[in-house]
């Protein structure tokens, strides 16, 4: 069996094993082993394919096609059944809308010969590496996290860990399916699996709130799925192509409508603006779920699809509208993130914003923009995942995920807060990944459309605001606090350290990553290379080295300085952090960050964003018809 | 080789120039207020004195951030002198400011905390105008390289008039002048003592001062770039901009941070973005 | 350079505002102290000169102390106006303690009611000179530290020992607001008597005693007591060296014991870092708890 097929089938098998594995130790063994197998296989895949251009694979056609069709019908029936049972009219409706035409075309529609069912190229290799390594690390983290979740913090919820791991691994398999499928029908099938697993995992807790949010997510993803199904029907009946590579290289005029529809599906999956609400609701899920599905892999499937069609979108009105949707999303969600104090919500908004940036690049579709977009995908997957996992641990330890409660985390959880800072630095600081990408985005944008650059300019200014605010909050220490770090599970430590190292590694070796994986892909598709400039890379690496030197200064920690209390207008009590107020009673000092609510009001901004982006999306879908 | 020598020389001279300008600023300010004012070398005396003082801290690691802020700003100045990519220069400068802000947070005093928050808002306020300047320069000179922009023989300030205006509007923020001296200000000591620098004393405070001198030269360096088609006019323009800032400093009261943020974004949006839209229409 | 840029922090203790207005008048164009490089900063951590107007009373005692403690060395205190110098006409009031020198070492007194701006500027200028001297002294101190010697004290040192003891325990007494501490009340004769059954140690720098310690063997246990360092020389590691010297001297002891009060953070920090662990806490007064520390002697 070839590596891509192995990568799809192996997690599915593991998931079935895990469904019936009740023993903690055995589960531990299976998950850890499969992490090593998956990441090794992904790296092997990278080694196998990174030198070659697009390669195709075929599988025994008849049998697999029937199996997938059967699974697809089962899945749709499951969705239909859930919709009916929970009296979710829209879900039921969407499920029916998708099921009936697909069945009709399968049996009565024109038959289209599929030449290649699977494709492997460098973009799928990049995605596979992210899924294998980051996804694997998260599954290991979940071992310790879910244990603590059920055994210490949330005894009220039913322990469904077998089910949890079943869905997680099934999801990983489906993700591999998405990135390797060339047959759009199959891609659609895997796409729907990820929607359903997202639904199942958001509703994992079983509370009213989580079930409501799960259905919200399902509804919006099914809406995207309808777009996808419509695209497939259109391709089948009008164009007669059902293969990804053929659509990618078809004349623009023919495939623009189905591509627009698939991009619509991609926008819902990536939670771009009119659809962003589901990702925010998804934050009720346990942290590893947020990290895996809602920041580093599943939402990336949406941008992956749009990125695939970047060549088609280049220079079209559809592409420009999609880019605008991305730009609006980036700017508005960055602004909203400033006004949020819930750590996971900040992360969610920042995720949507960054996906917006990727969509912006993909919609633009020029070679430089696509180059920047792929780099963004890599950096964002690693750094954001690290942050979600850190917040997960912090939430368990301080029983809050309010950023204000994280004051002094540098004292209470020193190692963890350092990792968090690495993650945040990776998200916005100069020599780290995201900024490298933003730099590339700006370079890419000004050549073609400086107007789009304006979204990036304003958006990245506020990005800095909420990250530094949060970093500062971790550093600010008020009073004496006890260390809380001792009880963090070793699987969690393993995952966090691995991701922190990965973040630094990806940043340090980014010229290598860009050179060996991203640039050849660009060359293959556009026959042009991106040149960052030798000098610029050197400068960035020098900057990275300088920031990396910062921890060294701690060798001089506390030497030749005199420690005094903070200045409190001279009214300090002997305890230092307290002061005497005007009634001569002692009072503790209190500091709260600015949230700038009057500028960045969540409701108003979201409403504006939804209206603007809905119009833009309507234009993008309608314009190819006209 | 000559280029490296120039960079080294520039890095050494820049703070001296910055310090001298700070001295001149105080002298002019004093004269405007009908006073004699200190010597124009006063800024140097102050810094040398601070190096002789004891180092006092609230949190033991707070000064490391300041040291790194200084190192990074020196690096930025070097990049600027080398003629590197202007976006990278801006990002490096922001990184330096962020280290400074984190130092303020680390100091864990209410005054430095509020100063840090305001400094952050200030960074967010001026960042769009600065980045728009870079984009504008690219659109005219077709390169982000400072060297190329510098050697571009077209006068940048004519097509970029709006952007120059937007940049001049945010210049007081970077130079810590009224009406935008929100985060750390000698004049604001009634409300926030010394803001972000409240808890820094001795060497750390001296380093903050030197960092500021470097920042002043970089901020004025960008003004110079706008007018660099003729070096003399460029230098004069930078000097005039600085003089303008002194006048503004003396004639305006400090505004609230809300005003500072809203107005600088608005100006950047109207003049900066307007300028860019106009340019891209003209280019098509 | 201290002379060329003295930054002033001004505190109004309980002045009638007469002197405050004169202080501010110095900043105005007529007098323009900025031409001397003088700036009125609002933050003690940036200041070199502490300008106090008005008399000290019960309510602001701690605040003045706090501000002074938060100024980095070298620093100078200037008392402006007669109230700050002596308490002035308020000296007899029930709530007034007197001049600033009751709680801080005042370097320059500027008399007057209100003090004239010329006088204030003169006072600050004097303060600049003192600042320079203090800086030299501070430098010498770090140099002197290298020549620090710790030896056994003799009975002829008693007077100096008592002086250091009084200075050092002053701050201890302030923490608990209990000035009845025995080290503070000890007399010359008592200390001479102690020489009979205790061993005294002295840390000498530039021919002056800057730190003391005493010890007594009881069986196998060595009791160390009244470890004290002149406040001017604190934070230089002298206490640590004294403690080590005592431990080295009694190499036959099985263990060392020492005690301090519960809020004396610096003492507790020192002991804990020298390998002492607490084994007993006892309440000695309403405000004060005594913590006993012990360290087992590890012999080679």
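Lettered A, B and C in written order, each chain numbered from 1.
The rule is short, and it goes like this: a residue touches a chain if its C-beta (ideal position, glycine included) is under 8 Å from a C-beta of that chain, and two chains touch if they have at least 3 such contacts.
What you see is a predicted model; the values in this text were computed from it and never measured.
Engineer: Have a look and report which chain pair racks up the highest count of C-beta pairs in contact.
Structural biologist: Maximum number of inter-chain contact pairs occurs for A-B.
Engineer: Comparing centres built from CA atoms, which chain ends up most distant from chain A?
Structural biologist: C
Engineer: Between chain B and chain C, what is the separation of their C-alpha centroids in Å?
Structural biologist: 42
Engineer: Taking the mean of the CA coordinates per chain, how far is chain A from chain B in Å?
Structural biologist: Whole-Å distance between the two chain centres: 36.
Engineer: Between chain A and chain C, tell me the centre distance in angstrom, where each centre is the average of that chain's C-alpha atoms.
Structural biologist: 59
Engineer: If you look at chain B, which of its residues touch at least two other chains?
Structural biologist: Those would be 54-56, 193, 198-199.
Engineer: Out of chain A, which residues touch more than one other chain, so two or more?
Structural biologist: 562, 564-565, 567
Engineer: Which residues does chain C have that touch at least 2 chains other than itself?
Structural biologist: As it turns out, chain C has residues touching two or more other chains at 43, 45, 70, 72.
Engineer: In their complex, what parts of chain C are in touch with chain B?
Structural biologist: Against chain B, chain C makes touches at 1-2, 4-5, 7, 29, 32, 34-37, 39, 41-43, 45-46, 48, 70, 72-74, 135, 138.
Engineer: Enumerate the contact residues on chain A facing chain B in the complex.
Structural biologist: 429-431, 435, 439, 442-443, 446, 449-451, 453-454, 457-458, 460-462, 464-465, 468-469, 471-473, 475-478, 533, 535-536, 539-540, 542-543, 546-547, 550, 553-554, 556-558, 560-569, 589-591, 593-594, 596, 598-599
Engineer: Quick one: in the complex, what on chain A touches chain C?
Structural biologist: 562, 564-565, 567, 570-572, 574, 580, 584
Engineer: Which of the residues in chain B end up touching chain A in this complex?
Structural biologist: Residues of chain B touching chain A: 54-61, 63-64, 67-68, 71-72, 75, 79, 84-85, 87-88, 91-92, 94-95, 98, 101-102, 104-114, 116-117, 120-121, 123-125, 127-128, 131-132, 135, 138-139, 144, 193, 198-199, 258, 261-262, 265, 273, 276-277, 279-280.
Engineer: Applying the document's contact rule, which stretches of chain B touch chain C when the two form their complex?
Structural biologist: So the residues of chain B in touch with chain C come to 26, 30, 33-39, 42, 45-46, 48-49, 52-56, 186, 189-190, 193-194, 197-202, 205.
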